[in-house]
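Next come two complexes built around subunit A: one with subunit B, the other with subunit C.
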Partner chain A sequence: MKRIFTWLLKLDRRWIFLFVLFSVATPIVFPIGLPVTTTDSTRRAFEYLESLKPGDTIWLSFDYGPSSAPENDPMAEAVMRQCFLKHVKVVVLALYPLGGLGLANTAVAKVTAEFPGLRYGEDYVNLGYKDGAAAVMRRLGEDIAGAFPTDVNGTPLSRIPMMRGVHDIRNVKLVFTAATGVIGEWWITQVHSQIGTPVVIGPTAVSAPKYYAYLNAGQLVGMLSGMKGAAEYERLLRDTYPQMARFYKSTRTFTATKGMDGQTVIHTVMIAFIILGNLAFLVTRETGRPEAAA
Partner chain B sequence: MIQDALGIWIAALLTLAALSFLYKDNPFFRFAESLFAGVSLGYYVGIVLNQTLEPNLFEPMRQDFGQNWDLLVPGLLGVMLYVRYVPKIAWVSRYALSIYVTYYIGVEFTRRIHGEVLPQIGRAMLPLSRFDLPTLYSAVFVVGVFSVLIYFFFSREQNAVTRPIARLGVWFLMISFGAAFGFTVMGRVALLIGRLNFLLQAWLYPLFGITS
Partner chain C sequence: MNFDFGRVALVLVLAVVPIIGIALGMRAPALRSRIPILIGIFAGLIPIFSLYIPKQFLSGPTGMSPRLDQWLIILAGFALLLGIVNVVQNNSRKISRREKGWFFAAVLLIGLLVTSAFGIWGWWTKMGIGFMPDGSPTPFKWVEDRFFQPLQSTIFSLLAFFMASAAFRAFRARNTEATILLIAAGLVMAGRVPLLEFLAAPFPPLHPSASAASQFLGGLAERIMDIPNGAAQSGIIIGAALGAASMAIRVILGIERGYLGLGQGE
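== the complex of A and B ==
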């Protein structure tokens, strides 16, 4: 036994990298379909959107870039699908400089194609990107047209039907921010705290822990924590709207639910490695730690 | 169609070049790294020029200088920041920087007090007269914050009273670091899943004519 553990401790770490690679890739090639359980923070977000009436407007801010797209894309898409199913109007914008607008355009094109009856300017609008997120948010409390005089196509807001009753951010029922970095925090501390508009955040897993303080303080309606939160939201969407299952069935489409198969497998592998590593350390401790491999 | 395929090939090869660092440092990785840094910087410069300076500074002044002449002030302050590269008049940049910092403090102060400090303290201060789960959570938060603050109080040497409290603070810190690390691992794995999904579904499957 000791020899095996000594061999394990000497093992070149690149074998572990390879093992991790296969552990993540295998569930992508052969999806397992592991069940996803939901948490209270995601359910609260979902139920708040469910409580909205047809004709209400929400604000969907793409505050992330390609580096966190696998986590944030599925949540933004799921929220858009829920809104279009409920006939809630969606105002899309991007405040993240490095690729936020590109991701917003792609997500809008993808989801609106799934709902052929939608009309641009009446059911949804894309305001495009604006630099200086903190200043933009401050202006949104006064008048939206001041921050975004036109939509992404250059059409003045006054000529967009669904924006006629939306003068400032108080006129929207909810801000949903799919966020990386600090912009999500600003929606809470600037828009919710100073203007009062409810906020739901979909942060990356890395930044999720800090948002629990806001969630517990009642400053957030709900929260979708990284890929797990997005998968929970997809599950709630499928359970509430069975017709949505078809969008999540195709093995070509990347969804957070499918990503969670890989997460579960790799987390199991990592826990096993941690236990093995500790066992090996304890067993070989008496004879001294073998020299680390290059 | 060809452009899409070309884009997918470039993205796939650059992904492989970046991942090749896991084997060992190599010229492909360094090329991908340098390209990424350069493209990001170039993209950001373009964004600032087209989305900030052009619509907020140049365009309004071109259209109606009489009404928008005051934009010269922030424009000038922006230029002053770069004067630091001229050693003889480098001191001029400090004026622009001081105005920038002052503005930011003003905005941040309100944001921090109204957006973080007051709501979170208010929510944590629950009456102890009724003892339910939220009160218990709040009590744990208060004890956690207090003990961590004691741990970081370096002005006086820890004594018999403060040492165990600081020790408790270390436990709170370790638990929070553990939670943060767990989330970080999940986030990084999510990114790997996204990349592998791209390599398989967008690149390799069509390449070998595999339909899924």
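== the complex of A and C ==
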């Protein structure tokens, strides 16, 4: 037994990499379809959006880049789908410099194509990217046109029908930020705390622990925590809207529900690695054998 | 014409005075170092005063504070430009000196120039950087979709491999603190996914109990995140905020001068 553990500790890390590759790739190729349970923070976010009336406006900020797109894309898309089903207007923008706008453009094009009746400028608008996230947020409290004089196509905001009643961020019912890094936190400190507009955040799983403090303090309406949060939101959408159940069942594009299969397998592998590594550590420590370097 | 006191005061304090100061400071290094401190003091005090003094010239829609926010957006744009200049300078030097890795510097510069050129072309032709009217991607979008996004995703996805390797080789229960961390991490990892349902998948009789246990684990993970993690995060956030506030006061009072980047003797 000791010999096996010593061999395990000296195992070339490339074998571990290969094992991880197969663990992630297998459920992508052969989906398992594991169940998704919902948490309170996601339900609160979903219910708040459900409580909005047709004609209300929400603010959807793409504050992430391609590195976290598998986690953040599904949540932004699910929120857009819910809004369009409820005839809630969506103002899209990006404050993340490393590809936020590109992802916003792709997501808007993808989701609006699923709802053929939508009209740009009346049901949704894309304001594009603006540098200086915290300063932009502060300016949104005074007037949106001060920060975004035109939309992404160069059309002045005054000529966009749905923006006529939206002078500043107080006129929107909710800010939803799909975020990686610190920009999500700024929406809470600069917009919710100082202006009062409710905020829902969709952070990556890595940065989610930080936002529990804001959630507990009542400074967030809800939170979609990483891919799990996105998968929960998709489930709530499927349970509430039959057309969404059909859509998520038939779509060939990537969804968080599909991604959760891979995440489950890799979590299992990680836990197994931790247990194995610690067993090997304990056994070889007793015999005084040197441990392989990490 | 209305006299806009807020605008005049801002231009005076943050533009006219610094320009005069720079002009005078050509021959007086001491003055040159004081002008940026003066700008820092005013830029720091105006937003604070605007929260407490409800005067139109200070906190109104066209007051000094909102105007300063707008200036900040413009300044952030210039900071981006400064970053590009810095990247070009450093990498050009690397290429000209044939330093180690100069080839990668060349790739970086080509990528920067080509992507920028496509972006500027999109602005010039009013086509933008998203999609063409027929739904096909613009050249900028094509570069972004084919190069930038896959490269960024690749770099981030490497994390899974290194984390797995670290989990096996470095995550050890060496002492009490490490053991507590390990157990908490294991519970959260297990509770965040339907792990038990996955393990019980080949054994149908175990499905109901696996589902119930998975629900329990999920609830436990959520409580760990909510209570001990939430409390610790609150402490960290409050501590960081107090640190940031004290640093802001030091900058406003001119005690902290590191941000000026002044050389010795200034």
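What we mean here is this: the second predicted complex is superposed on the first by the 286 of 294 C-alpha atoms of A that agree within 3 Å, B and C clash if a C-alpha of one lies under 4 Å from a C-alpha of the other, contacts with A are read in each partner's own complex, and residues count from 1 in each chain.
Everything below uses one rule, namely that a contact is a pair of C-beta atoms (placed from the backbone, for glycine too) under 8 Å apart; a residue touches a chain by one contact, two chains touch by 3 or more.
Values in this document were obtained by computation on a predicted structure and should not be read as measured data.
Student: With the two structures overlaid on subunit A, would subunit B and subunit C clash, or do they fit side by side?
Tutor: Result for subunit B and subunit C: clash.
Student: When the two structures are overlaid on chain A, which partner does A:V29 contact: first (subunit B), second (subunit C), both, or neither?
Tutor: first
Student: Regarding the shared-chain residue A:G102, is it in contact with subunit B (first), subunit C (second), both, or neither?
Tutor: second
Student: Give one of first, second, both or neither to describe whether A:T42 is in contact with subunit B, with subunit C, with both, or with none.
Tutor: A:T42 sits against neither subunit B nor subunit C.
Student: Looking at A:Q219, would you say it contacts subunit B, subunit C, both, or neither? Reply first, second, both or neither.
Tutor: In the superposition, A:Q219 touches subunit B alone.
Student: Which touches a greater number of subunit A residues, subunit B or subunit C?
Tutor: Residues of subunit A touched, subunit B against subunit C: more for C.
Student: So, A:T112: does it touch subunit B (first), subunit C (second), both, or neither?
Tutor: Neither partner.
Student: Taking the superposition as given, does A:E142 touch the first partner, subunit B, the second, subunit C, both, or neither?
Tutor: So A:E142 only meets subunit C here.
Student: Between subunit B (first) and subunit C (second), which does A:W186 come into contact with in this model arrangement: first, second, both, or neither?
Tutor: So A:W186 only meets subunit B here.
Student: Where does A:Q82 make contact in the superposed view: on subunit B (first), on subunit C (second), on both, or on neither?
Tutor: After superposing on A, A:Q82 lies clear of both subunit B and subunit C.
Student: Check whether A:F254 is in contact with subunit B, with subunit C, with both or with neither, and answer first, second, both or neither.
Tutor: In the superposition, A:F254 touches subunit B alone.
Student: Go through subunit A and flag every residue that touches subunit B in one model and subunit C in the other.
Tutor: In subunit A, positions 17, 20-21, 24, 67-70, 97-99, 130-132, 138, 205, 208-209, 213, 216-217, 228, 263, 266-267, 270 sit in both the subunit B and subunit C interfaces.
Student: Which residues of subunit A touch subunit B in the complex?
Tutor: 14, 17, 20-21, 24-25, 28-29, 67-71, 97-99, 129-132, 134, 138, 186, 188-190, 192-194, 204-206, 208-209, 213-214, 216-219, 225-228, 251-252, 254, 258-259, 262-263, 266-267, 270
Student: Could you list, by residue number, the parts of subunit C that touch subunit A in their complex?
Tutor: Result: residues 61, 66, 69-70, 72-73, 75-77, 79-80, 126, 128-131, 135, 141, 144-145, 148-150, 152-153, 155-156, 160-161, 163-173, 182, 185-186, 189-190, 192-195, 197-199, 201, 211, 214-215, 218, 222, 225-226, 229-230, 233-234, 236-237 of subunit C touch subunit A.
Student: For subunit B, which residues are in contact with subunit A within the complex?
Tutor: Subunit B reaches subunit A through residues 22-23, 40, 43-44, 47-48, 51-52, 107, 110-112, 114-116, 119-120, 122-124, 137, 141, 176, 179-180, 183-197, 200-201, 212.
Student: Within their complex, state which residues of subunit A touch subunit C.
Tutor: For subunit A paired with subunit C, touching residues are 9, 13, 16-17, 19-21, 24, 32, 34-37, 39-40, 65-70, 97-99, 101-103, 105-106, 109, 130-132, 135-136, 138-139, 142-143, 146-147, 152-154, 205, 208-210, 212-213, 215-217, 228, 260, 263-271, 273-274, 276-278, 281, 292-294.
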